[in-house]
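Structures are listed in the sections that come next.
First subunit A sits with subunit B, and in the next complex the same chain sits with subunit C.
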Partner chain A sequence: MIITGTLVAPGDKVLDSIGNYRMGNGLYEANRRIFASVAGYVKVYGHKDKSDNLVQVIEVRRSEDQLENELLPYDGAVVTAKVMAVGLRYRHFFILYLRDHSRFAKCDIISIGDRVYKKRFSALLPKKKLRPLEPELSEPFKNFVRPNDYILAKVCDDAGIKDKFVLSIAEDELGVVLCRGKFGETMKKVDWNTVVSTRTGKTEPRKMARVPQKCMLPSDLKDSTS
Partner chain B sequence: MPTIRSNLNIPLTHLSRIEDDQMEAIEMDKRSATTFRPLCVKCGVFGAQDGSGYAEFGNTRVLAQIIGPDGDGKWEEDHAKITVTLKGLENEKQIAEYRAELMSSASSVIFINKYPGKVIEIEVTVLSDDGGVLSAALSAVTLALAHSGIEHMGLTASVHVGMRANEDYITDPSTSESADTLGGVTFAFVPNLSQTTCVSLYGRIPIEATKSLLEFAKQRAIAIVPVLHKAIVNSIKEKQ
Partner chain C sequence: MSEPEPDAAENAELTKKKIIIMRKRVEEVMRNGAALVRESNGLPKSGADFELYNSYPTFNSFMKKSEERLNALMAKVTKSIGCAMRVPDVGASVEHYTECVIEAQDNIAERVSTLHEVLKKAELDQIVKVPEFITKAAPTNRKTEAEISAAMKTFSANIGTVLAQKFREQREEAAQIVVLEKPQKTYSIGADNSAAPFASKLTVKHHAIEKRTGITLIDDDESGKRDWNRAETETEEEHPYIAEILHFKVPKDQMTPAEPIKFKKLDETTLTMVDTKEKLEALRDVLNNVKEFAVDLEHNDMRSYLGLSCLIQISTRDEDFIIDPFPIWDEIGILNDPFANPTILKVLHGSDNDVLWLQRDFGVHIVNLFDTYVAMKKLKFPKFNLAYLVSRFADVILDKQYQLADWRARPLSKAMINYAREDTHYLLYCYDMLREQLLKQNEQDLASMYSECTDVCVRVYKKPVFNPKGYMTEIKLRFALNSRQDYVLTNLYRWRDTVARAEDESPQFVLPNTMLLNISESLPRDIGSIYGCCNPLPLFVKKRVGDILKIVVQARDVKLEKIERTTKEKSDAQEARGVMNDSMDHITSILKSKIDFSHTKFDEERGEIEIDKTVEGNDTLLKDQQASLLSVLQGSAVPNSESMIVVEEGKSKNVKKVTKLLKELDKFVTPYECYQMMLITKQKQEEEERKEAEKKKLEEGDKPKTLFSHHDASVNRKPEFDSKLLNVDNVRVDPAEVKEQEEASVEADKEPPVFDPSRFSDDQLMSKKAMKRKRDAARRNIDVSIVFGESSSSDSKKKKTGDEEKEVEEFDYDKTDSSAFHNPVRDDNEEFDPFHQKFRVKRSKKNNSTKKSSNRQGSINYKK
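Entry: the complex of A and B
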């Protein structure tokens, strides 16, 4: 019987059989035995599943910190991304959505929390994940995000798309955090759905993020001090 | 004061030993058929960066580094793409041969389905070649993999065994030691699944002798497992 906190190398047998445990990350099953797939320490913790049953999850972690533990953006993580293009027709959906020209916005994930990735990961922001509780959205993409905007988004799971991460901004705290106008000037927030250009005074629609108080944007800080 | 980020050091006296045939000859006399050359394995060579490993068998020194999994705009398959670059060898044919072996061995242990649309780059640098480069490279790669945090099936133990004309085996021969051998084999396998990932036979080995040669190689590979395991566990301890 292996105890919590035991250091394991990849390929070490953690359990003879899974038993009552639920398999977490860093483990795999082969020949009905459970082996570690990463180097780290064993951790067992209680977790409540969907039907409110308490299950014991066993996993191998590299670090106590979730950010350190995961190499890639994980499900439910809040990431900072840059919108690269809007109106992209995803390759596999090409025939299905031929008439609709903007099903996805193409994004690049830059950082997760305060950890910046060495290389960007490409991600997609589907139209139905722009606003909560509105699956069929007729409004165009430009009312929410535009190319070159920086957004806060949540990574979510999509069964159809595997090679890219799928993002969602369907929460009040998520959305645009930084955007620039036509001439590269900064755009100031008017309300949660509008920004105004500091140069031309033109207003544009955007879905702004209600960033929690403790991590305010620099422009917000200036407003509150003046 | 300069910042010291790496905790690996290779003594200069060791580096100069490669020219010293005299010393090697003494070493060879002392060694039995089943013992390895003095070896040093290290998991995590570059302090701040994840995914590096170093293996040293006698005067053969190999450094491996893993970059990724990274996003790549062009790769859209539902599994990861693994690339291997081999540096430090001059023989083109040898590079191509070793690269293919490293590639097949690495991609058979990595769970490539867990990293769709990502690219994993494996960079192997041969610092010095004194026989058994492939087995040293395989060891370095498995250490680097363990350090990188990429999910894989287990560590790969690898060994280079030479065979003499009188059917004597020699474990991990150096270039001068393998001068009188008929041929040899580089053998790698994953001990926890007992799956063989690499068999690279060369030379004039009689077909009826291969079975016992491979069996001997497997026993020698098992002997190296605790060393690799210890290096990996030590690297986790250091991290904490």
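Entry: the complex of A and C
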């Protein structure tokens, strides 16, 4: 039997032949033998394939958590992103209407989980993914997110968009975590749907993430520490 | 020092003289040219002038003669320059002539430029070799060999095209060697292509050891029978020399190191072509007296079912022999004497097939074999082919272009003979070198190598057995077959084999795999489309196209179904092809490359990949601690955050500041951390809620459920029928039907049946047609009831209709306003037509009563 949980390094032989197992991640085959391609722990788990047969998949993982194994934003990952622009696409078509008919908000993924990358991944937040199972709005983004907001979002799979990561904030826990006003001042949460400017006292609608409001902008940090 | 100066002066004088002579000559040529032009101007111009002169026969004949002379002269001139020109026929058009002249001039210019280049090189003290300008009949588009060789030497930029041209020429040359008649026919070499097992051709068993009869089974009753059985099996399975090979001990001198004997040069060794019985006997005597000789075979398997040995090359230390086996086919068996002699060493390269071919065609068996291929594998050479071996040891590069030539061709060309001879000529020297290297490496290796060679010797030739499902493994199917295609494929595959056996051709020659697949894929309807599937058309497809058509037509009667192959069949086929497709996944597909042989069983560069099947069973993690990278990983520990601080050179660490900064950083909460906190609190909440719900449940106990939702499991309840509901149903149905039903219900009251149709509405019970019939009957009944005024039912609707009838009867016409009838009928559907009879009549009437109103009415109507 395979000793699950054994530590292997890249190039270590894991199996002499694949046998009844299915190859998972972190393995490669050469000369009919199975080698580890990453450093990690050997793991065997049951997996149901398309025809509903239970197959044993063997894998080398860095840790139990999926977040640790994936490098790129994967389906279902919770990411922190910055809204760069709203309605870049199609804007010039609707300039006469004066209303915002944009379908996407362009975002940059700053961090996946807790890991921050040197480069940002560009992503899209379509208007369909703003709230769960509700009819589309005429001015979708106005009440949810605005440019330069920091949001918590989930990466999700979208059949229509293949070239970019697609984000969704259609959950209570997801939404805006940090936002700034017109003059760069911080906006404070009033309730889960509104924020107020600390400088002008103007209220703006936002979809706030229902998380403890503990993250602060650098400027506020200075204030609190001093 | 003083000597070269007068030489140089002389040289200068000489060149001066030469230049003067050249100038004079050029001037002469120019003068002659000018005279020529002048003279030619005196000739009659083309057109009417020329026509007139041409009518005189003397002029005509003179012109013809002069044209011939000019032709000859031109040919002579171009030939003398070295670029012969194809002179057009006498009487050709002027354009043709000019074309030829221009071509010739181009050639001359080219030649001049090449010569010029060569001379330039000569000035730079390089080797001068004026390229020989060989022109065959005339300069054509094809470049001459000399040009190619010149291009090869100068390494022109497009060397690829030059090489391609060379190859094409060689192929053309090879194509010219055509075997007009099969040698099997000319020399009447019979082959037994039947399915019967192979019978050994061995006539005289040389060097036989006496069988020891000491160990025999003593069985009184059936001993005779047993012996007979064994005798039969010996012919088809057992090797005739099995005892000799198993008792073979490698002679001592083969196991001891000795100085390698250098091969003689090709020119110095005598080559004997052996094609008569006398020569063959002489060869046998020669071979019997040497200690070792090298052997190689040339084989052709395209134009015969079993294959045909075409040439046997044998080399001793001093001589080369090439046996042409066709004229002395049956006599070659006498060579078995030296071949089976255990004291004489036979050296072969890649002997797996050669051993079998010798057995099959001539009944020659080998005892004491040294296979250089096996030895090379033992020594772990980078390559294992003969060319590499010879180039490594003998420093001779073999030209392998004739490897796949048609060796049945007679007479053999000089190049082919040379190739065949080189195959064995250097082999003995290579053997010496290999032996020395093996002995140097390990003495055990040489012994094990000999044991491997004996394994090769023990192999017995077996005829190929036809496998009706062989196409699964032999042919790579590129599409999923349906039943018809499968039928055609199976039958064509069988047909191909039978034809090949009957005609003594290889199955591939009868119908190549690709064409076989083409036909079975497209299922052609007629002969023309069968021909269309095969390009170029094989001989036997053309001859026996009727058979193929028959099979294809029969296939059309087969029921069309999709054929599912079992996974075992698939994997077997893949295994046979040496491909492991099932284990192909994302990573291997990336890693797979065309020059990577790891996914196949055999690698021509590295030989067979050794996979020890004994280890395959247990899935233990076999890790070599030293080879693994783990030791490195374990050695490195995660450094402390403080030790990671980089400080500018010359400045000391400000620990306080750093710790403060770290603390501040710790204070900062990332959004993701907030999210995680939220998740934890949510989980806690949910748990609490669940606990509360459980508590509630416990408190409330098991109460019967009162509220149901669609989430609940479906409960089987008995159908309940409300009598009122049934009545409501009846209201809508016609009275006669109601009557019927009532009657039925009365009956039901009398004796309750098991199945009560009255409980269900008609449309639940009856078919559509029956319903229609019933409705029709009901309608008829209604008529009857109205006529008789039957109102037996207590139906409210029926009562209502009765009331209405009464009201209609009591209608008083006097009370109603008759003015409405004076107005014209407004028919929306009908368009207004002023000339319509109806309107005219109305108009005249209205004219009588009120003119104005009628006019207005008409206008309104018009508008409408």
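Methods note: the second predicted complex is superposed on the first by the 135 of 226 C-alpha atoms of A that agree within 3 Å, B and C clash if a C-alpha of one lies under 4 Å from a C-alpha of the other, contacts with A are read in each partner's own complex, and residues count from 1 in each chain.
One rule holds in what follows: a residue touches a chain if its C-beta (ideal position, glycine included) is under 8 Å from a C-beta of that chain, and two chains touch if they have at least 3 such contacts.
Everything quoted here is computed from the prediction, not taken from an experiment.
Judged by the touch definition given at the top, the superposed model places A:Lys50 against neither subunit B nor subunit C. Which of subunit B and subunit C touches more residues of subunit A: that partner is C. In the superposed model, A:Lys13 makes contact with both subunit B and subunit C. With both structures placed on the common chain, the touch criterion links A:Leu72 to subunit B but leaves subunit C unconnected.
Of the two partner chains placed by the overlay, subunit B and subunit C both lie in contact with A:Asn31. By the touch criterion defined above, A:Lys118 reaches subunit B but does not reach subunit C. Contact with subunit C, but none with subunit B, is seen for A:Ala209 once the two complexes are overlaid on the shared chain. Touching of subunit A by both subunit B and subunit C, each in its own complex, is seen for residues 7-13, 28, 30-31, 37, 39.
On subunit C, the positions that touch subunit A within their shared complex are 580, 583, 585, 587-588, 591, 598, 609, 611, 615-616, 618-619, 621-623, 627-630, 632-633, 664, 667-675, 677-679, 682.
Of all the residues in subunit A, the ones that touch subunit C in their complex are 1-3, 6-19, 23, 27-32, 37, 39, 42, 78, 80, 111, 113-114, 150, 152, 173-174, 177-178, 209-216, 221, 225. Subunit A makes touch with subunit B in their complex at residues 7-13, 26, 28, 30-31, 35, 37-41, 62-63, 71-72, 91, 108-109, 118-122, 162-164. Listing the residues of subunit B that touch subunit A in their complex gives 43, 69-71, 73, 75-78, 111, 115-118, 145-155, 190-193, 228-229, 232-233, 235-237, 239.
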